[in-house]
Structure formats: C-alpha cells, structure tokens
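In order of appearance the chains are A, B, C and D, and numbering begins at 1 in each one.
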Amino acid sequence: MKTGSLLPQTILLVLTIATMETALIWALQIAPADKLQGDVQRIFYFHLGCIWPGFVAFFYVLYASIRYLISRASKWDRRAFASGQVGLAFCTMVLVTGPIWAKPTWGVWWAWDARLTSTLIMWLIFLGYVMMRDYIDDQKMRERLSAVLGIIGASMVPFVYFSTRWFEVQHPKPVVMGDAESGIKDPNMVIALLLALAAFTLLYLFLWRRGTELAEGDAKLSELRMRMNALEEEA
Amino acid sequence: MSFEVHLDKIDKVYGETWALKGVSATIQTGDRITIVGHNGAGKSTLLGLTATLTNPTRGTICYEIDGTVAKDRGQIRRHMSMLSHSPMLYADLTARENLKFFAGLYGVSTDHHGIDSRLEKVGMKAAGDTLFRACSRGMQQRISFARAMLGDPDLLLLDEPFSGLDKKGTERLKNILMTEYRHGWLLVTHDLGQGYEMANRLWIFKHGRLAHNLKKSELDFKEYVSLCEANLPEEVLR
Amino acid sequence: MPNLILLMLSKDLRRELRSKEVFLSSFLFSLILLCIFYYAATSSSVAFEKLPNTALWICIAFSGTIGLHRTHQAELQNACYKALMMAPRDPGLLFLAKFAANATLLTIMSLLLLPLIALFFNLDLGSNLLKMIPGLVLGIAGFVAIGTLTVVISANTRISDILFPIIHLPLVVPVLIAGVNCTQKAMLGEISWTGIQILCVLNLVFLSLGFMTYAYLLEE
Amino acid sequence: MNQEPANNLMYLTAAYSAIWLILAYFLTVLVLKNRRLARELEQLEQRVSNMEKNKAP
C-alpha cells in the first residue's frame, strides 16, 4: 500500500516544484513591472495565489465536516483537519504579504481594507478551529466538536467577506491608491497569476495529502498504544 | 409493558483508554442489576451508553419496547431516566419549580396537584417551596429521585446515587427506591452490601470487560464478596 | 414548540431573577467598561460624545460573551445540562428554546444599558429609540444564536473560559458589523434597511445551522 | 509609487521570503512530526511483537 501511494506522491511533488519554479520565474522576471506600483506589484501574484487555495481549503473543511457528521468516520475528520491546517498556513501567508505590499503602495502597513479585514477574521476563525483540538482529550468528542465548529466557521466565510465589503460602501476608503491605473493588463501578467494559482493549488494538494497521512499515522499510533495498554493491564 | 436493552459487543474508547471492551449483555424487564468495578472500569460509561447519551465506538445497542425494536431516540428515552450523584436540578429554583420544568421538558403532563403528590411520595412536600440550594444533601437526593420518576421509567440508571449521603440519608433513599419503584435498574455502587441487597442480578467489571454476570440466587453474600475481592483492587473495596 | 420555548424562558428568567448572575456579569461589567471607555477616549482627545454607538456594541460584545458563558456554567452546575441532553425532545427545538432564553436575557440587559448610554453621552434617545430597537434586537439575536452553539463547544474543552471568546467573537463579526451600522444610523434618525436585511439573513442562517447541528453537541 | 525602486525591491524580497519562511516552517513541522511518528510506531511494534513472543510459549 505504501509503495502504491508513493508514486503519485512523488509525481505531485515534482509537479508542484516545477510549477512553482515556473511561476516564480514568470512573476519575477517575465511579467513586466506595473506602471504605477513598480516591482512591488509582483508580490500580488503569489499573494493572490495563496488566497485561492486558502478558500478551497476552508470549503473543503465544510464539506469534510458534513461528511464526518453523516458517516462518523474518523477519516473525514482527519481530512478536514489537515485541510484546515493548510488553509490556516496559506491564510497566514496572505496576511503577511498583504501589509508588505500595502506599505509601499498605500503608505501604511495596515488599512482596514475589506480584503485585509476579512482575511484577518477568517484567519482568526480557523485559528480557533485548529487550536481547539488540542484542548479536547477524547477523540470522538474532538472529532464531533471540530466538525460542528468547522461547519459554522466555513459557512461564515462568505458572510465575513460580504459584510466587510458592505461596510466599506458606507465609509469611503481613506487615501488609498486605486487599482484603476495599474492592474493586470499585460498577457504575461495573466500568465504569471495563473501559474501562481496553479502552483499553490498543487502545493495545497500536496500538503493536504501529507497532513492527512500524518493524522492517519497518529490515529494508528494511538490505536496501537491503546491496545498495548490494554494488553499490559491484563498481563 | 416490557423494555429490554441488548448490548452487543460494545467497545468504548476514551482518548487512549479503553473504557469498555466487548461487552455483551441483555437487560430484561425488571432486572435490578448491581454493577461493581474498579475506578474507570467503564461503569458510568455503560450508563451513559444505555441512556443514549453517547455512542459506542464499536458494537450496537438495541432497545426493544413491547417486543418491537425501537429506533427513535426520543421514544427510547421516555422509558429511562437517570439518578446520579449530582442531582441534575437547578440550585436557584425551588423543588416544585424544578419538577415542573423537567415535567414540561420530558413531556409529562402534571398539574400542581401532581407535582405535590410526587413530592409527598418522597416525603418532601413540606420543602416544596424552599430553594433547592438550601436543601440538605439528603433532601436534594430525594427530590432528584422524584425528578427521575417523573416519566414513570421502565429502567432507572443509578450512578452512585448514595455518594455524599450520610447513613440515615442512604437508608431513606434506599427505602424509597425499594418501595416506590417497581421496575428495573442499573445500579453502580461501591458498597457491596447495599449492592447485593438491592439486586437480583450482579455484574462485575474488570478492565472494561463484563467479567461476571450472575443471578443473585446463584451465590450468597459471602461468595459475592470473595468474587469481588478476586476481581477488584483493594482500594475499591475499602 | 412554543411550549418548550416558554418553559425554558420562564426557567431562565426565574433563575436570573434569583441569582442575578447575568445582571452582575453583564450589566455591571458594562458600567465599568463605560468608565474605562470615557477615560480612554478623553485622554486621547477623541470626542467622547460621538461614540455612544461604539460604546454600546463594545459593551454588548464583551458583557454578552461573559453572560453567555455564565449561563452555561449555571447549566453545568449540578449536571443540569445532562438532564437537558437526555430529554426526549428534538435537539433542534431545544436549541431554539435555549437561544430564545439567552437572547431574551441579553436583550433585557442591553435595553437597561440604553438609558445609561443616553445619560452618559448626552444623547436624546426619545425620538430614535424605536428606530434603534430592530437593529439592536436582531444584532443580539445573531450574536446569541452563534453563542448558544459555541458556548457548548468550548465547554467541552479543558479551557472553556478562554476558548469561548476566542472562537465566538470572530464568528459574530458579520453580525456586529451590520448591527453597529443599523444602530448608528438609527441614532441619526434613519433606518438602515440594508443592514436589517443583512441581519435577518444572518439570523436565518445561524438559526438553521444551530437547528441542524445542535444534536451533535448534545452527546457525551 | 513614490518610493525608490531599490526600496521597492526590498519589500518584494521581504514578501517572497516571508512566504518561503512560513512554508518552510510548515514543512519542517510536518517532517518532524512524521519522524517522531515513525520512531514511536517502530518502538510500539517492537513492544507488541515482544509481548506476543512472551505469550506464545
């Protein structure tokens, strides 16, 4: 079984690295610099590249959590959790690169821009989701509560996005450089963005697989340890 | 009215500890079963499982009401209730208010008079309007018994109901249990004498397994005690 | 179902009148918050009078969290919650009943808070009070709908008191954003229909989520 | 927009290194957990087989 799953793993890894390299080259070299923002705009390719699989990760949490509650099969819990972890990591990348891009373009590290705010809240929701598991000892309880929290959290994501945007209409943005003059126009820019998206999607798949396998190993381990304890107790 | 519970190869795992291991047994109508076992041997877990509060890790529990298998949790729950060492009543309400609330919650229609007669049965009519927190431990446990009896259950799940009671309180509650209640129960206890006296079946748990499942008529008290001593660590027997 | 809600409501209100738990933890706590708010605002030369809405929602968010946690702890005392879990009732209806009781308590608390805020901020509420009510009530309802779920989730962890606000508050951000907007407009004499619509949709989603998932929380 | 290009490049580098750092951290945690897991599994399997050997005769 192990050798069977090793080959697709390797293919996926190679594919991820290759796409990532190409995306890097395109984003940093081939795509032209933005007219107004200059080279900083290149952050955007990878910044956006992270958001997309981040969203996918969170919606997968929703899907897997529902599947868990229906079937009560631990594998769905492990898949949901691995996805949540990767989503959280990607969200962190978005949150870190966002301010780094904002400083030279907007002049401030943080503006309460809808995109930044909603990402921050999403990050907090899933930090809670990932953190909570460490504080519940019983496995079944942990799986069940995580699934419920995962469902609530992930279904909240669209509302977070919607409400932060709605709020922005009420208060016009501060002196923020709009995207009207700059933005993605050159075909090479589009290619760079698409490549980054592809690279991070592949990366998500890879990390998610690894995380799930790790959780499966963990489960196997605790099952073994439990059987050992039982055997020793009886002996 | 018959109410039977069939446990089939029940496993229950908490974290990395095995609370129950391959437990198969049948609880028949009118069985008064005393359960003993060392701490963490899965006795309370068994009650929780029987009460449909939690699901077994493996295995199935099947409920038979009047010969037909019941699937609906609500229907099953109407036939059981639990009396544990914590009274499950609100400290800031009076005994009467508490009973009224739970009667409503459990769908038992009781007027003012009905609640009164239930309180009278446990000898608590006079204390019906005192706040629950002001009642003594013994009184609290008797009111809690009245709560457990609200739905006229066919199976009582007793999780160390006597813990924290003094001798007099224990005697009184035991008397009420023996005289006011006619159906079966599962009683988890540490007190072998009491357990033997109240039972017609005896279960002994060891390491999550149901080590012995005996009729009371099969052995006298002395044999029972020696069997328990053989299976349980000393600290349980005190 | 209305029976169950009335039952839960009368039980929780009666308990509250006797113990004054939520009143103490929420209302008095809000009072202290308002004092801190005053000094924090004036010492940074922000016009304190312009912030009644801000103060109102900060009080609701903080004291609401404390109040929800407190009421659930009271349920856990004497293992009463276990008796609720064993009730032969539809868990979804139990959720709605619990939600109604919690929401009523918090709404009463915030209605008590309103005159106080009007007093402290020299606000003329009289004419705008009625306009404020829908936004306030709907906002609190959404806050409590999620809170009724998350408080049970966090109660099963080892650090329930810390974890509850951490998982609860990010989830209610959309409600708070919409609620803040509604009451702000109401204070200026307008009604924010979009805000109320959003709040209605959010409440609908939260309540149906709770209705469907509460069964999974009522297990041991 | 009104910054020196050199300065701009600094931000660009910072952003990309941040991504790689987070990724590296994530991967390291994964690898470390994996290793610990493999080690513990090995130990346990040995213990199990030892016990079964003791039981057999």
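Keep this in mind: a residue touches a chain if its C-beta (ideal position, glycine included) is under 8 Å from a C-beta of that chain, and two chains touch if they have at least 3 such contacts.
In this text the structure is predicted, and so the values were computed from the model without any measurement.
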Chain closest to the middle, measuring from C-alpha centroids that were averaged per chain: C
Separation of mean Cα positions, chain D and chain C [Å, integer]: 41
Centre distance in Å when chain A and chain C are each reduced to the mean of their C-alpha atoms: 31
Geometric centre distance via CA averages, chain D-chain A, whole Å: 17
For chain B paired with chain D, centre-to-centre distance based on mean C-alpha positions, whole Å: 49
Touching two or more other chains - residues of chain C: 219-220
Multi-chain contact residues (two or more partners), chain B: 54-55
Inter-chain touch pairs (all): A-B, A-C, A-D, B-C
List of chain A residues in touch with chain D within their complex: 28, 36-40, 42-43, 46-47, 50, 86, 89, 92-93, 96-97, 100-101, 103-105, 177, 203, 207, 210-211, 214, 217-218, 220-221, 224-225, 227-228, 231-232, 235
Residues on chain C engaged by chain A in the complex (per definition of touch): 146, 149-150, 153-154, 156-159, 163, 166-167, 169-171, 173-174, 177-178, 181, 194, 198, 202, 205, 209, 213, 216-217, 219-220
Chain A partner contacts - residues on chain B that touch it in the complex: 13-18, 21, 54-55, 57, 207-208
Residues of chain A touching chain C in the complex: 69, 121, 124-125, 127-129, 131-132, 135-137, 141, 144-145, 147-149, 151-153, 155-156, 159-160, 162-164, 166-167, 170
Contact set on chain A toward chain B in their complex: 72, 137-140, 222, 225-226, 229-230, 233-234
